[in-house]
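Order as written gives the chain letters A, B, C, D and E; numbering starts at 1 within each chain.
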Amino acid sequence: MTTPFLKKAAMIGLGAAIGLGSVFAAQAQASEQYLPSLVYRTGPFAPSGIGFADGFADYVTLINERDGGINGVRIRLEECETAYANDRGVECYERLKDRGNGATVVAPLSTGITYAVIPRSRRDGIVLSTMGYGRADAAYGRVLDNVFMVPTTYWSSMTATLSYIAEQEGGWDNLRGKDIVHAFHDSAYGREPLAVLRHYAEEYGFTLHEMAISPPGVEQRSVWQQIRRINPDWVSLYGWGVMNPTAIRTAASMGIPRERMIGGIYAAQDDAVLPAGSAAVGYKAVTFHGPGADYPIYEDLQRYVYDAGLAAGDGDLTGTIAYNRGLINAGYIIEAWRQAQAEFGEGRPSTREETLWAWQQLQIPESRTEELGMGGLMPPVNITCENHEGDGRVLVQQWDGENWVQLTDWIDTNRELVEPMYRESAMRYAQEEGITPRECD
Amino acid sequence: MMFFFEVLIGGLMSGIMYALVALGFVLIFKASGVFNFAQAAMVLFAAMFIAGMHGDWGVPYWMAIPITILLMLGLAWIIERVVLRQLVNQEPIIMFMATIGIFFAIIGFAEIIWGSRSRTLDIGIPDQPLFIGDMLFQQYDIVTAIAVAVLVVLLLIFSQRTRMGRVLRAVADDHQAAQSVGIKLNTVWVVVWFVAGIVAVVAGIVWGGALGVQPVMVDVAFKALPVLLLGGLTSIPGAIIAGLIIGSGEALAEVYLGPIIGGGIDNWFAYIIAMAFMVWRPEGLFGEKIIERI
Amino acid sequence: MAEQASAQQAEQALLSLNNIEVVYNHVVLVLKGVSLEVAPGSIVALLGGNGAGKSTTLKAISGLLTGERGEITRGTIHYNGENVTHMSAADRVQRGVLHVMEGRRVFEHLTVEENLQVGSYGRKDGAAAIQKDMEMVFEYFPRLRERRKSVAGYTSGGEQQMLAMGRALMARPRMILLDEPSMGLAPQLVEEIFHIVTTLRREEGVTFLVAEQNTNVALRNADYGYILENGRIVMYGDAARLRENPDVKEFYLGVSSGEGKTSFRNVKHYKRRKRWLS
Amino acid sequence: MIYRESGQFKKSYAADQAILPLRQDQVFLIGALLVAFLVIPMVASNYVMNALLLPFLIYALAAIGLNLLVGYCGQISLGTGGFMAVGAFAAWNLATRTELPMPVVFLLAGLITAGTGVLFGLPALRIKGFYLAVTTLAAQFFLIWLLQRPWFNNYSPTGVISAPEVNMFGWVVDSVTDRYYLALIILVVMALLAKNIVRSSTGRKWMAIRDMDVAAEIIGIRPMATKLKAFAVSSFFVGIAGVLWGFLYLGQLEAEAFNIYVSFDVLFMIIIGGLGSILGSILGAAFVVLVPIFLNVVPSAIGLPLSTAMISYVEIFIFGSLIIFFLIVEPHGMARLWSIIKQKLRLWPFPY
Amino acid sequence: MAANAADVTSRAGSSEVLLKVEDVELRFGGVRALRGVSFEIRRGEIFSIIGPNGAGKSSMLNCINGFYHPTSGTITYKGQPRKAMRPYVTASQGVARTFQNIALFKGMSTLDNIMTGRHLKTKATLLENAFWFGRAKREEMEHRKFCEEIIDFLNLQHVRKTPVGTLPYGLQKRVELGRALAAEPELLLLDEPMAGMNLEEKQDMARFVLDVNDEFGMTICLIEHDMGVVMDLSDRIVVLDHGEMIGQGTPAEVSNDPKVIEAYLGVQEEGEA
């Protein structure tokens, strides 16, 4: 009678001990560049997370297989599952940051996790690459010197959306008297572009209707009934996860023309349109990179990664929006290391200081994106001390039922509007946190 | 006024969809006193298998659906073997926790097989707006409502008119006494979970069609819970009527109250309706009256 | 009781328990080696105070222990010559062993009639035979006929006890394990119930094993009795003989040797309890 | 016979009612505290302190709070996440909008959460059991919705806000070790308070309500006052845990992050740890915090060639299965397992 | 038996009416559980309510302590008529009770159960409890002492720290009595304290009831099926049947009342203890 309990207790204890022990067992390889990858392949937003993680990993594999790494320095990628939860993200960050040669750059992949790791990364001297999410005001480089909003923010991209609408209407003046709905995820994320929208509504005299949709947004009938009654000229959709397809589907069933719905950068993914089926045909969205797989880099990926059986995923997500985002985010990271090596010596892994330096002056002109086989896919980058975003340009794409079709070329954003907004917000943050903004000349 | 009716009808339709999930809870609670949190996971499980078999393996829907129903039988059998049998006569809270365990285990299992990508599930329910006069209806809703009505009638006949239904109610009252007259609890539980599994298949098709099949489908459970409360945990008609009340109440509140207090209120509004109602009548609309004795 | 002897007797007895040990929750030893026998067609009383292990014994026989995290860790139970020690409760019901549990466990939300119907769950001899048996139950318990459409939860304690017994009868039992039928019932009702027990034995040939605290009533109606204390059988014999036993008289019937009945007023303070075994 | 009590006599009621009447337990506790205060900060790595111990300590506090309500007073709550959020946001607003010293901010945040708890505890007088459990989801969803209103995050454009510096009587809690110590001190002190409450008349009233509320009322216990007190105290603990979660652990606040799954996690902790046990709350917190990390790390540590995705699916599956397994092995939690082991040790090597 | 009872009546000296029930009626939906019941309980006496199952005895107790509220009629306690009142208010006025189906707090030890009975006498606030200072500690020790006396009185020393859920039935009944006594009530309601006990346990319980009445001077209202116990212990008895009062008086009077015999006592047998 004694044995089962003691045995079970002992087993549990032993298991826990082994598990904890293994946490410390870091396998270091001196000549490798270590790259942690915080991913969310499970959880409510997994459909977006998987594609990103696959693209990110496949690009790293490509560099290792095709080029033997960056000037011979292979990159060791390690994934950690966050499930989009802040606490697990922090745990991942803490677990991975000192493994291998030490992490030099992290892409937290969620605004919440970004906020949690900003103070930690500043202490550790690790670069944060937050692609379109996180603190928009990090685009003002004087306050947070290690955080980069490459290549765009919600604010910049929204100015581009409005430019597109104005162009469709035949000029800014024609916006007067129009009705524009902003249907948004009722969270800070959805509310973020409101400031920009309100500014434009005032300046150009259209009526802005703010329609909140409570997350996760599995049932939206009543919202779209109201929108239908407004009979808007344009709808801006800022959904996330399951809210996007449900919104598109419900809008379709109410007879709202999809051609006049424009999704924000996180309503531009394949998981926004695929589950909506035929209802999504004609739906437009802005995105900060080219859609599809029609780029030279995909030939290399095919040859060195997919055909070699080294693909991270099942291979069915290549060319999706999320996958492309994974590719370009890895692309930026690797280009920064390349530039660091060019400055501080080739053939050895970059340190944190070197990586930070590289990001702070990161320049990827259009010509370089073409060399990388990502011309038109990867937006050029132009980082200065003060500007941690670059040009913030986006393009408009449309879903034809099978694929995203690129409708426009890069659209310029309204820098005069957004840069003061970044500055103001960042300075307020600096004051709260007691950060002295550094000088830029 | 027309708009009011449109919102009302839309709300009633959403309510039916909530009730469909709540039904599964009711069945299991009624027969085994188990508050089965895993019901939503069963919905996801069913939807994932139907959509996965169709999408990845090219199995036609008319085959994928019966196969999934068989899988639900297998699932019921496994749950009975591995969980319920081991936890006979534990306190309700322990069983509740165990179903949360089942919730994760089922989701994990389905994801191991199908991953967590989103899939489409379209068995061809028409999805175009339909105008009767100026009123907007949706064909999808009408088909759904008819399916739910048929399902409920079948369930009521099963519970009230069949021998197995009577046995289920007996087991619901007193497990041990039921055992003492020779009822095999194991069989009964498999039957109950299987029936709830069939309901989950229907819910999976309907919700999967509306949302796409993806992990977040389980959040539909949080829409179903207030319906369950308001209807009373043990009443099948209660679940339907409560679904209608909550669906329409929520829609009207969203439209008429939402703009005043800042939008996006439907997540909690249903709970507040249910809570307010229960302060007045703690057992819900049709729940069995709680007889307090000493 | 030697093991061989009991194995032999097991052939004659309808039910025999051989050195049964029961442990709850892996730690609490409740029965510490109980052996007893029940002859076919007899009424056997199982007596003893609270916590002596009467209910546990009955549950061990009917197979209802598993639901309460109890298990038989030693010994065997033979019923009708067959080893049923680890058989499921349902299989035992199939063989005619019915347990009427303590506390009148009826299905509260079902009607009286539905309760009886559920009682016939395991039978496969058709609706007509079941209907006939229901009539029989109503013959024995006319009160149930009056209340056949009432919800069982709203019937009185006595009616519930009758319903529980009637429900057991619906399974065509050979043996009924009756746990504390008198508990909480008025004297008149207790008599009525025991009257039905003896009638059922006579008319239907049902064997009874009755766990009772009401020693007096039990021994008046039983053929044979076992007295259980602290998980052990401490005394057994013919009912008549037990009633005459001075120890039983003093401790279970309240008749002290010599004087006859003592008033409750005159019970001594701090009366020492005499124990056979602890 | 490690746990032999013979030879230990209690000479006064006070001694008998001490928190740990057994000498062995006292030794064990002192040992555990010494390890926690002296050994761990010396030997534990940054990662272990930052990513394992800190969330563990904070979750343990929340679990104690919830256990007071569920395990002692018998009122099931699924709103823990919401109440943690209230604590965190109350503290943030107090800290950024006023000049109050940080200890006062902590205390007030706890009290505000307690008040919120009382508000949502009101239906508990009429609604019981699962019905109550589900109605507490109203608190969960409503509070998260409310705290997402821009006022509460001072119109932060992202809605995510950074936690202010924690200054405790001049001690600037900044380094990992500092944060670990602050969380540990708060946990130890509050666990002691909780233990005092549950062994006093208040605790007995709660347990009376839990075990049989009708009988409790008939012997003179006021159900409303008693239940609300439990909601208040529980929410106070949970609120403080929320403050620590935002201020010490994550360093940021985001209402959505305190979602329903946080509530479930804390509920898991007390069920797995043991309802109605302070020690159990702590053990349960350790289990729920460590197991997912453990499951995540093991495959790569032993070189299993699984993709991250597959690992996380398997992890979800195993986590669910482990909960079931645990409930089957010991439905009354690790605390009960511990006391059974002690009981065995007391008699060991004899079986009974 | 009769002589005994007469002897007792003279011993119950006080004629002060502690509780007066006048024309009480109680309805649940269509069922009339009590119909026009009236009686008085005098201070210091042992008063019994008897009757067949379903006669309304427990409903009567539930009315007295405020768990049910009479549909009509009045209950006067210590000269104060009262209507709808929560049970805890009644308890604070000095009414304690035990229950037919044991209503102990199963997860708590014997000692803690009895200590809960004392809580009406505790004044310590939550904060005092949490910090274990001031009244909290002092009161705890005082009450512990009082409860230990009850434990001694009821012979429960050996199960002091045992969770009551695991105790045998007879002991649980005793713990329940202890919990009621701990409140030091003026009126003690005992609902079938001896149900399901063997003779020896009944004798012990009878002794406790008498001692409580004698030594603490508590007034006792008793429901019991065992006629031997009722006749021996009671000063006065009221007989209910189907919610109606069919007889009232001393044990001798009641046991000779033909109406009572017909409805209830009819089949009393010689051996029935």
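The rule we apply is simple: a residue touches a chain if its C-beta (ideal position, glycine included) is under 8 Å from a C-beta of that chain, and two chains touch if they have at least 3 such contacts.
This structure is a prediction, so every number in the text was calculated from the model and none was measured.
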| item | value |
| --- | --- |
| Greatest separation from chain B - chain, by CA centre | E |
| Which of B-C and D-E has more C-beta contact pairs | D-E |
| Most remote chain, CA-based centroid, reference being chain C | A |
| Centroid distance [mean C-alpha coordinates] between chain C and chain B, Å | 43 |
| Gap in Å, rounded to a whole number, between the CA centres of chain E and chain C | 31 |
| Separation of mean Cα positions, chain D and chain A [Å, integer] | 35 |
| Chain A-chain E separation of Cα centroids, rounded to whole Å | 72 |
| Multi-chain contact residues (two or more partners), chain E | 67, 99, 103 |
| Touching two or more other chains - residue numbers and ranges from chain B | 111, 115-116, 262, 264-265, 267, 294 |
| Residue numbers of chain D (touch at least two other chains) | 145, 214-215, 218, 309, 313, 315-316, 340, 352 |
| Of chain D, residues touching chain A in the complex | 45-48, 50-52, 55, 96, 145, 148, 150, 153, 156-162, 164-165, 249-252, 254, 256-257, 261, 290, 292-298, 300-302, 307-309, 311-313, 315-316, 329, 337, 340-341, 344, 348, 351-352 |
| Sites on chain B touched by chain C in the complex | 88-89, 163, 166-167, 169-170, 172-184, 288, 291 |
| Chain E residues touching chain C - in the complex, by the definition given at the top | 1, 4, 8, 51-54, 100, 155, 166-171, 192, 195-204, 206-207, 210-211, 225, 227-229, 232-233, 264, 266-269, 271-273 |
| Chain E partner contacts - residues on chain D that touch it in the complex | 13-14, 17, 193-194, 196-197, 200-205, 207-208, 210-212, 214-223, 229, 233, 276 |
| Residues of chain C defined as touching chain E within the complex | 28, 48-51, 156-158, 180, 183-189, 191, 213, 215-216, 220, 251-254, 261, 263-265, 267-271, 273 |
